[in-house]
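Lettered A, B, C, D and E in written order, each chain numbered from 1.
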Amino acid sequence: MNVLLDLFSVIAICFGTFFFLAGTAGLLRFPDALSRLHALTKADNLGVGLIVLGLLPHAGSLLAALKLVAIWALIQLAGATSAQLIARAIRRSG
Amino acid sequence: MNAAPIASASTAGGSLLWLAIILPVVGILASLLSGGRHAERIALLLMPTGFGIAIAIAIFLWRSGQPLVYVIGGFNPPLGIALRADGFSAVMLVTTALIVAAAGFYARAIFATPPGITEARAPLTFWILLQAIWASLNLVFLGGDLFNLYVAIELLTFAAVPLVCLDSRAETISAALRYLLFALCGSVFYLLGVALLYGAYGTLDIVLLSDRVSSEPVVWVAAGLMTAGLLAKTALFPLHLWLPPAHANAPAACSAVLSALVVKGSFFLIVRLWFGVLPNVPHEAVSFILAALGSAAILFGSVLALQQERLKLLIAYSTVAQIGYLFLMFPLVQGPNLWVAEAWSGGIMQTLSHAFAKAAMFLAAGLIAESLGHDRIRDLRGIGAVMPMTLFAFGLGGLSLMGLPPSGGFLAKWLLLKASIEAGRPIWGAVMLSGGLLAAGYLYRVLAPALSSDILHLKAPPRRSREAVALALALTAIALGFAPKAFFDFLQIGRVAVAGGSS
Amino acid sequence: MSILQILDIGLAGLVLAVAAWTVFARDAFAAVVGFVAYGLLLSLVWVRLFAVDVALTEAAIGSGVTGVLLIGAAGRLRKLEASGGDDELPGASLRLFAAALCIFVTLVLAGVVLSLPDPGPTLAPEAARHLAETGLGNPITAVLLSYRSFDTMLEKVVLVLAVVGVWSLAADQYWGGAAGNPRGAEPDGTRALLAQVLPPLGILIGIHMVWVGADEPGGAFQGGAILAAMWMITMMAGLTEMPSIRSRLLRLVLVAGPAVFVAVGVAGVAFASGVFAYPTGFAKPLILFIEAFMTLSIAVTLPVLVAGPPKRLRQQ
Amino acid sequence: MNDFFLSAAGIILFTVAVGLVRVLSGPTNADRIMATQLLGTGGITSLLLVASATGVRGVDDVALGLALLAAFAAIAFVDNVAAPDSDTSKGDRTE
Amino acid sequence: MTAATLAGFIGSALVGLGLYGLITDPQPIRKILGFNLIGSGVFLLFGIVARKGAAAGFAADPVPQAMVITGIVVAFSASALAIALVLRLYEVAGPVSLRSEHTSNKAEK
């Protein structure tokens, strides 16, 4: 059981890390600000989500697990709203 | 060194120490809460009370002949914080209470809330920050813990800076900004030294530290950083650039408090550092450097004062010069020598007499500027005839600055001169004498035209009571010249003998 | 262990690189953005120094609230500096001198810091010995609110003075008005959504931090800063407004923290062994009582400081 | 497992740090804000991983606080720098 | 090399970097950043002092850590006051850098 959970963690975290890599690559390589923003949100959503998922089995207590989920949710919220706002700012400035 | 018992127990009258700090703090909070005219009333009500507390501290100290101690919260240092009062603290407390009260009384005419308005910006700010300066200076004089003193100098900065630009002119705002940056930089370097001292000795209590420190690199670096930081706040040459614009452009009551008291706060801490924390670390080289910078300040500041065209700028540059004198005591208060007590008394006398004289001069200059609408020195011809009392106050203050008898300034410089000759270092005496001559020069530049028989028309005559405040301060500076021997004994209470060769 | 070391070194390099960027960047705004990133990295460093309380403070105040303050200032300055032209750097000789001085300071400091004894002198055993008297589990809270509560009280007064100082920079005609610009008519669903969802959660977290602060990392500063951020976000969304600086309630809340602190401290003279001492057995409840008011004051003081002096008369 | 967490934390931190190049190069201020946003997310994530590996108490609260404030820089930016009446294109003059 | 030693290096370097910024940057807001860098460097030194004082079951000496918390709040207040001054200065006088103003002041003497 433990081995399985660990395996699950490893896989989830590896994927999460990959999304961070992808997000950064996008931020650096994409040609215009809006697509860079798009790449960034991927890292926010999937990267953090998968890593939180991978850490959940190691959380230790229910409160700790709850906090992890809350952190993920907060980052979602922040990511979504700031992406919206930044996108609007980019569009306005042309 | 009988440091341990001093550090560990509150003494009789110790409660007065925290009261001296908490009282103005309560005033600040109550003033902000109730706002408007209440701020002025609260401040003026607390001032006599605070003066009473300062006097009571001095009396307790005089009776016991030992420093007063209060351990806050019952937690002894090093874990907790102790407040301590020695002779130097006590006279500074009394001086502060007097000058703050004088500035407050003088400022009532300018910083009264206008009728028909419940609250105005400049008055509310002034009355709150005046109390804040008072609270933080009391803490500076009483704090026995280096971090507690850091909080004190930060409080002082926050209280002093906005006072510079109460009139919201670009000139004063930029002076305030530069002052703030200098002051913040000074505090942060002070804090850096505090971090190193804690890392090396695990305490920040002044008495405990003085027992533990030894002459090693970390102490030198820490002391160097702290001294540099405090010098920036004291505006010792060459770190004086911020002072003249800030002090000369602030409202007169604020200039008086800033020049007379606020720069003395950081000077007091330099004295605490070298004579309280590091008495067992020989520091003759440092003392020499400080005195050399002080000498440079005297000459440089006086020469610049000679060239000023505005009265308040002249007084501000004279502050740069007079600060220099304070540092001449450092090389003379060394080792177990006979003249040490004289030099110590001389240094403190200079601190006190300059405080009263400078406050008087700034208040007088403020009255002149208000009555004329300007303070250009060359257009002051004949002011003596129309504002005799104001000019008299200015002149008496000047007398003390020049070091002419009878005045506190004379006594201070006489003591320092005597000590420098007895110590076989007449060079510092020579600097003092030439500084006195230069001071006579720049004051003559004001007094000569002022006393001419030209006819001058005032926009509005000054109020008698406000002239009286300036005069009372000037007279105090003179009266210090008649201080009895008992006063000098009082100043020695709690002075720790400084190690070092008897040169 | 070695991986952790690599991580530490990487983090150190990163912190220094971002710090250097904030100093050497040409554009003020770019420097400010660098500083926000810097604050974030710094809280990671604090975690590595086992200073979780400090990391929390740095995250909330050093990075979060200061970031808003600086970005706001940079933006306003950008609008104000129409002509520009103040980018001239000082002459090369001064820069060279400054660089030499700074390298010297760095080297001396590094040398001295490395020479400090390790393990060094410490008050940890002292702090631990008295911890039971306070009834607290978090020694840092004990230092802040018991052993050295005098410092903490005075530091609250610093905050009050900062508010007075910032307000004193108002134009005379706006005295009694409020800070900040009223939000334009442009409806903004995104921001409003954030400002509705975030605060309930944030308030919960803020109170949680104060509450656990007695025994775990956290406390009035951290919790107060989080609450402050929540108020700021509702103001940014236009849901709430900065009250008039003459509002009695605003002033009451601003001074409540230090005032209650002073009151409890002075009451120690009558009910305990002295000023800022707590009666035996009542230390913890009293500390929590003070912290509650301090949290409230901090939560209001920080946004007031960020908002700046009053700039308009409130219509109402 | 702990070593794995730490490695992941290191890789993420390194990755987002590379993203910080955008703070340097811009070209627009929006890019700079995006890069700090990414750093924030990555920083929080690596904090969680390090916390899990080293077991220091209270670190999750630090992450929670940072997550709460994650959107602040972006909002302050949009409000003050990219606000309609300001000239955002001026942001390009840096490099 | 422990994390504490490393932090000691960073702290020292930050003090130097911030000081450089404070001295050479003409824009007031950059000077404020410089001041904050010095401040955080000093706080880090407190941090390593605390770390070296780990004892009695605590991972670090709580006293310097508490001081850092106080210091961070004071530094924030200082930044807020400084920024309010800078903004007010720009409002009243337009763009002035401290340096150019300072040199003109010197010429005045």
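Here is the rule we use: contacts are C-beta pairs under 8 Å (C-beta built on N, C-alpha and C of every residue); 3 or more make two chains touch, one makes a residue touch a chain.
Please read all numbers here as calculations on a predicted model, not as lab measurements.
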Self-check item: Chains touching both chain A and chain E, listed by label
Solution: C
Quiz prompt | Graph distance between chain A and chain C, where chains that touch are linked | solution = 1
Quiz item: Counting only C-alpha atoms to place each centre, which chain is farthest from chain D?
Solution: B
Practice problem: Would you identify the chain whose Cα-based centre sits farthest away from the centre of chain A? | Solution: B
Self-check item: Leader among chain pairs (count of C-beta contacts)
Solution: C-E
Self-check item: Between chain D and chain B, distance of the C-alpha-averaged centres to the nearest whole Å
Solution: 47
Quiz item: Approximately how many whole Å separate the CA-defined centres of chain C and chain D?
Solution: 19
Practice problem: Could you tell me the distance, in whole angstrom, between the mean C-alpha positions of chain A and chain D? | Solution: 12
Quiz item: Once you find the CA centre of chain B and the CA centre of chain C, what distance in Å lies between them?
Solution: 31
Exercise. Would you pick out the residues of chain A that each touch at least 2 other chains?
Key: 70, 74, 77-78, 81, 85
Quiz item: Mind pulling the chain B residues that touch 2 or more other chains?
Solution: 79, 147, 151, 154, 158, 161-162, 165, 168, 173, 192, 196, 199, 202
Quiz prompt | Residues of chain D touching at least two other chains | solution = 33, 35, 56, 61, 64, 68, 71, 75, 77, 84
Quiz item: What are all the touching pairs of chains?
Solution: A-C, A-D, B-C, B-E, C-D, C-E
Exercise. Flag every residue of chain A that touches chain D in the complex, lowest number first.
Key: 6, 9-10, 13-14, 16-17, 20-21, 23-24, 27-28, 33, 36-37, 40, 43-44, 47-48, 51-52, 55, 58, 64, 67-68, 70-71, 74-75, 77-79, 81-82, 85-86, 88-90, 92-94
Quiz item: Which residues of chain C touch chain D in the complex?
Solution: 3-4, 6-7, 10-11, 14, 17-18, 21, 25-27, 29-30, 33-34, 36-37, 40-41, 43-44, 47-48, 50, 52-53, 55-56, 59-60, 63-64, 67-68, 71-72, 74-76, 78-79, 184, 186, 191, 194, 198, 201-202, 205, 208-209, 212, 216-218, 222, 226, 229-230, 232-233, 236
Quiz item: Any idea which chain A residues touch chain C in the complex?
Solution: 70, 74, 77-78, 81, 84-85
Practice problem: Note which residues of chain C are touching chain B in the complex, please. | Solution: 108-109, 111-113, 115-117, 120-123, 126-127, 130, 146-151, 154-155, 157-158, 160-162, 164-165, 167-172, 175-176, 246, 251-252, 254-255, 258-259, 262, 265-266, 268-269, 272-277
Quiz item: chain E touches which residues of chain B in the complex?
Solution: 79, 147, 151, 154, 157-158, 161-162, 165, 168-170, 173-174, 176-178, 180-181, 184-185, 188, 191-192, 195-196, 198-199, 202, 241, 245, 304, 307
